[in-house]
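Structure incoming, see below.
Per-chain numbering from 1; labels A, B, C and D assigned in written order.
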Amino acid sequence: MAIESFGTEQAARKLRLGMVGGGRGAFIGAVHRMAARLDDKWEIVAGALSADPENAKASGADLGLDPDRAYTSWQDMVKGESNREDGIDAVSIVTPNHLHFDVSKAFLEAGINVICDKPMTVTFAESQELVRIADASGVQFVLTQNNTGYPLVRQARAMVADGTLGDIQVIRTSYVQDWLTTALDAEGQKQAAWRTDPKLAGAGGSIGDIGVHAFNLAAFISGLELEEVCADLRSYVPGRQLDDNANVLLRYKGGATGTLWTSQVAPGNYNRLSIGIYGTKGGLEWVGEDNDNLYYTPFGEPTRTITRGGPGAMDVANAGTRMPPRHPEGYIEGFGNIYSNAAEMIWAAKEGRDPDPFATDLPTVRDGATGLAFIEACVQSSNEGAVWQKVAKAG
Amino acid sequence: MAIESFGTEQAARKLRLGMVGGGRGAFIGAVHRMAARLDDKWEIVAGALSADPENAKASGADLGLDPDRAYTSWQDMVKGESNREDGIDAVSIVTPNHLHFDVSKAFLEAGINVICDKPMTVTFAESQELVRIADASGVQFVLTQNNTGYPLVRQARAMVADGTLGDIQVIRTSYVQDWLTTALDAEGQKQAAWRTDPKLAGAGGSIGDIGVHAFNLAAFISGLELEEVCADLRSYVPGRQLDDNANVLLRYKGGATGTLWTSQVAPGNYNRLSIGIYGTKGGLEWVGEDNDNLYYTPFGEPTRTITRGGPGAMDVANAGTRMPPRHPEGYIEGFGNIYSNAAEMIWAAKEGRDPDPFATDLPTVRDGATGLAFIEACVQSSNEGAVWQKVAKAG
Amino acid sequence: MAIESFGTEQAARKLRLGMVGGGRGAFIGAVHRMAARLDDKWEIVAGALSADPENAKASGADLGLDPDRAYTSWQDMVKGESNREDGIDAVSIVTPNHLHFDVSKAFLEAGINVICDKPMTVTFAESQELVRIADASGVQFVLTQNNTGYPLVRQARAMVADGTLGDIQVIRTSYVQDWLTTALDAEGQKQAAWRTDPKLAGAGGSIGDIGVHAFNLAAFISGLELEEVCADLRSYVPGRQLDDNANVLLRYKGGATGTLWTSQVAPGNYNRLSIGIYGTKGGLEWVGEDNDNLYYTPFGEPTRTITRGGPGAMDVANAGTRMPPRHPEGYIEGFGNIYSNAAEMIWAAKEGRDPDPFATDLPTVRDGATGLAFIEACVQSSNEGAVWQKVAKAG
Amino acid sequence: MAIESFGTEQAARKLRLGMVGGGRGAFIGAVHRMAARLDDKWEIVAGALSADPENAKASGADLGLDPDRAYTSWQDMVKGESNREDGIDAVSIVTPNHLHFDVSKAFLEAGINVICDKPMTVTFAESQELVRIADASGVQFVLTQNNTGYPLVRQARAMVADGTLGDIQVIRTSYVQDWLTTALDAEGQKQAAWRTDPKLAGAGGSIGDIGVHAFNLAAFISGLELEEVCADLRSYVPGRQLDDNANVLLRYKGGATGTLWTSQVAPGNYNRLSIGIYGTKGGLEWVGEDNDNLYYTPFGEPTRTITRGGPGAMDVANAGTRMPPRHPEGYIEGFGNIYSNAAEMIWAAKEGRDPDPFATDLPTVRDGATGLAFIEACVQSSNEGAVWQKVAKAG
């Protein structure tokens, strides 16, 4: 493998980005900003970074925002940015989950492209409404189910789609953490507190916070529609309001079945996301911790290790590759692909042209709705004793 | 780690072993024989090695048996060995599953110790009868759920038992193969044919052949009683009579939950047995392919790699260790521990003394019955649409 | 491990960065730019991006540079930027090796901070002169031996320094690739061509291009001074002018010894950088491909896996950490730490204050000179038949 | 991969084995016995198990030997067994190194086949004499460089031999332990004491005890003749008489070069033996701790994981395979292949027929002599300051 010119940088022009949430003390906002900066396609120019006005101002200053554009409410920001000639091209929504709907709605209705963190809304019903709003808006809605930005996850999807694995029969996926093994939430740790509060996080705990990533990963790679779940959700830490562990059986349209496990109480696991997907002709395995490798077994032949940027990497993977093989890329780089692709989609729309085909496969508002359908089906299945529950179809 | 004298060899005397099944063309019989020979505690002196008389004779000659003791039926063998002064001390039963019950019964009733392959019987009802027969027999019944012979599996059990992990909350286990991805059974491959024939193998396909190993591994390490399962069994290869993939939810007495996945149609997996077990104070992970390491995480501390024979290995593990750390041991060595421990149990009984405590933790007739209860509960759960099914308690 | 606020972003103000080299078709320039952008501490405002004026202009436009600051020669850039009120705070030098000296000298003498790619110069003599120039300049000279930016490499250095390993006795390090297994250079592949041309790359091929990274990694972690080398350099591809494989014995001051292997002709290796360092009390192992883990063995205890951001990670590692554990970080993130630390050093100097102590341990002009001393010693050792050769001390 | 009948068992008849050394308190003798028993081709019937008569008798009883054949000196054993009608077919020599020569000589001259542990003798001169004696004896001399018994090591050799890798250019090998990090030898630990005593072990410490395994592995796989070494041997523990760490450069006939590192003072390593071998067309990597996998990269294609017993395993590997893929085999199994192949060679000689071709590639007396030549060249190279030293050619 020769070292050639990798990478997606092409920066002569930048889109203007705003952000709702993500002020001091937040976590995911900073990740979005690093992802947005990586390929130099975005400039952050506005924000409603905190519900606390003082924090909002201070956080705006941290980011070097024009003080006029460091809004103290997202409502002001919608208005302010809509009225400017140089208003933002897109807004990143990185608030706790319960605000995603209102904020998304407002910006979409103002004709501003939206990049929204997951889970998309707190309820499936809201998500369905958002589908209609997004469809009507005529602008982009991109959901940061960021694992779909990993180059080899995209290759896995392509390999399934082109029939390399034959018919998919079996899927195993999991996302496992340990940080809620103790009662961090009761101790007031900020990240733990909102993620375990149904008013802020929605009905799902681990299933909504991380299980939905595993669901989405399986859906993205397999291209299959999930029809039914049987989910046994538990909250192992006394007093915790939402599940911290979920064991789920999956049934896909067409006959594939699977298991999904998510946990926040599995000591020794920090962010272990993994998937195995098996068809009549071969199998694929991928682990987020080792994102630069994809393990592919054509049935009856030795397993191949396909390394990002190396032999066997497909164009769809190389399109999102910045570094030569085994100079590791990671979470921010995969997330950065979502932002760079979103930029391309917005430019293409502005310019009335077809976007780069490798930029088009972004998680959509429908994927968000599907995620909510999955979460709600799991919660309802579990509430009824872990019985089979149909997964609602996103409109 | 100094190289010291490892190993369990102490061979001045040998017990006499017979074998039912395991003739030419069989697989597991040869494994039992290698395991029995490893520590030189057994001598194979008799056999009813095949239902085909010619094969039985030829196979006996292969093993150097006295032709008088190369029986052409197991019934003859029971009689013949019972009548000899130097009759066998124990019999290994390595036939297809459907014969386990009758053969075990006959030898137990003849007062001959039994070492029986898994699954113990074809039905739970039979297994319960065998419990009573074994209890009444006054001799040993050892079930070769051989994974319990791995030194670090035994250490894992000891660590759970001594409270190192706190209260166990979550278990994930799986046993995955790919050899039945195509219709080998329909093509007449011998191993595939009997394992997918309900008359020979029982009601479970993958769940009975390999899923029961994952179940047993979880039970052995956790010490927990499985109360309920919800199992979705599938047979993906057209025409196959038994399941080749099973997705199972687990509920243990006391509140722990888990998932169990078994498959014979997952390309790239040959014999991937693994478990993760997580409690309030820590987690353990073990993979059969990497049996010489146990990964232990005390919550909030870095993961420790405990290597067989190395620092952190406990006496219970060292007792079954023959080689210094990282001179790999494997399947035969773990299996050999079952045989060497069985010999010790039999000697201790002969001599009216307590056995070496490290030899006592062998899989019993009750473990066999529990395995059948598990298999039947899974099959019944699945047959009713994958609903929760109580696991019968072994008497 | 709770998800808390990680990361080094703090962006209210940005330094102005220029770049020499790194235009269209170049590789490492884009890496520097991504690294510089990651934490938002730099803005790229000027460049002499190519020796070819047309490419220089076009590449400047790619980066959105003011056309006046897209210089067609680095000499013009020194002049132009020196004369501006808003001239660059620092220059990144990412040209082929043979230009590093002249360009560094010119910017240093103009009082502009320099961030220079490795190897620092083409000869040790030049490097010594650059030491004097940098010392006299009063500005920062930062060498992008970027592996020193990985959080766990910094932790390894800290663990050695605080005596955790006892006295270091043995070091093993290697950096292995395969991209020059065939005669890419002869086929005119641009990256291959200059890296194998002694006029552009200097006297070392693999030893200068990648071996110096392994040397530097060992020096950075161990803190030991290399006294002697015995190096056997080979050029396996017919017609190649510089070495593509080097086997080196190392002797450090104080008695530690080691081996260093570097290769560009080892199929299956893309960028495999690794080190093991062993002392009287313990050992450390780290592999670049798996940069988020550090394997630490206190002698006589089980190996600990220390994960970036997780339990056991020290403050010095956490200071350069952006993501929670097992959301992988990689090459760009480690490189980004060099850029963010450099920014802090420059701001501290501007403000007449002490810098953040975690920002101070950057590779210096003396490290660059030490690298050249290593390369030249290896080349000379090999030229004389692979005999022991003293490594010159950098002034 | 279907489960079929694996394994090399075929036991109708057994050869008679004697053993010199290997009594109570010894280590490697027990390993030889397990290896010999595994496939049931040997019966241990005689021994001179210890130089201490009491231990010799007691150890003989442990093994169930006829007391007449539990000799108190190997000289008696040569005589006693030579005079018996049912005398041993072969003797295993598992004493400390300094006795290998005399004992081998005596048994060879008595026309008894010899299986001798490594290193074969204490000096190269002795080894050369043994070559002549063995050649003249007309019986088998098998050296237990046991790593050559691993199925995938044999496959690696076959892949090099058939040109799969092209011309071999680069080799990297190492064998690393940590058990001598402290002064165990000074504390009287038996294994440590003799292995660091030049009178018992010979001139090499780590280089003779384990380095020779790495050398042998490289020679076996590559088929290349080592011409020169440059070795820097150190004894890091004060007072230790022999080297505990060795850094070695290698030059092979035909132009390949390499590095060999061996250490007994590298905390965290128990028995880490590994090799990488790279040619013009591809590379192979193998690690003893993971002996059931071989990593093969055809240049420019993804790396293949070839698993013992699985797809891509060659006949030469399958011939030494007992278990299906990923039921792990290990050290004893590989060692067992040496014993089973030795049995086949002896039977074939007895019967005047050609042996099974897969049994013929055993380490010979010449390989033993080559090992001594390597050890002596390393010691002499190091003694002269780590200069290049020709490796003597074994006659």
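Going forward, a contact is a pair of C-beta atoms (placed from the backbone, for glycine too) under 8 Å apart; a residue touches a chain by one contact, two chains touch by 3 or more.
By chain, with names taken from UniProt: A, B, C, D = Oxidoreductase.
Just so you know, these numbers come straight off a predicted model, no measurement behind them.
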item: For chain B and chain C, chains touching each; value: A, D
item: Pair in B-D, B-C or C-D that repeats A-C, with over half of contact pairs matching by residue number; value: B-D
item: Chain of greatest Cα-centre distance to chain A; value: D
item: Contact-richer chain pair [A-B vs B-D]; value: B-D
item: Rounded Å distance between chain A and chain B, as computed from the means of their C-alpha atoms; value: 43
item: Inter-chain centre distance, chain A versus chain D - centres from mean C-alpha coordinates, in Å; value: 54
item: Distance between chain centroids, defined by C-alpha means - chain B, chain D (Å); value: 34
item: Shared-contact residues (touching 2 or more other chains) in chain B; value: 1, 178, 269, 296, 300, 303, 307, 310
item: Complex interface listing, chain A residues touching chain D; value: 1, 296, 300-307, 310-312
item: Partner chain B, residues of chain D touching it in the complex; value: 1-7, 9-14, 24-27, 30-31, 33-34, 37-40, 61-64, 178-179, 184, 189, 191-192, 269-272, 288-292, 307, 309-310, 322-333
item: Sites on chain B touched by chain A in the complex; value: 169-170, 172, 174, 178, 181-182, 230, 232, 234, 236, 245, 247, 249-251, 255, 257-259, 261, 263, 265-269, 276, 278-283, 285, 295-300, 303, 385-388
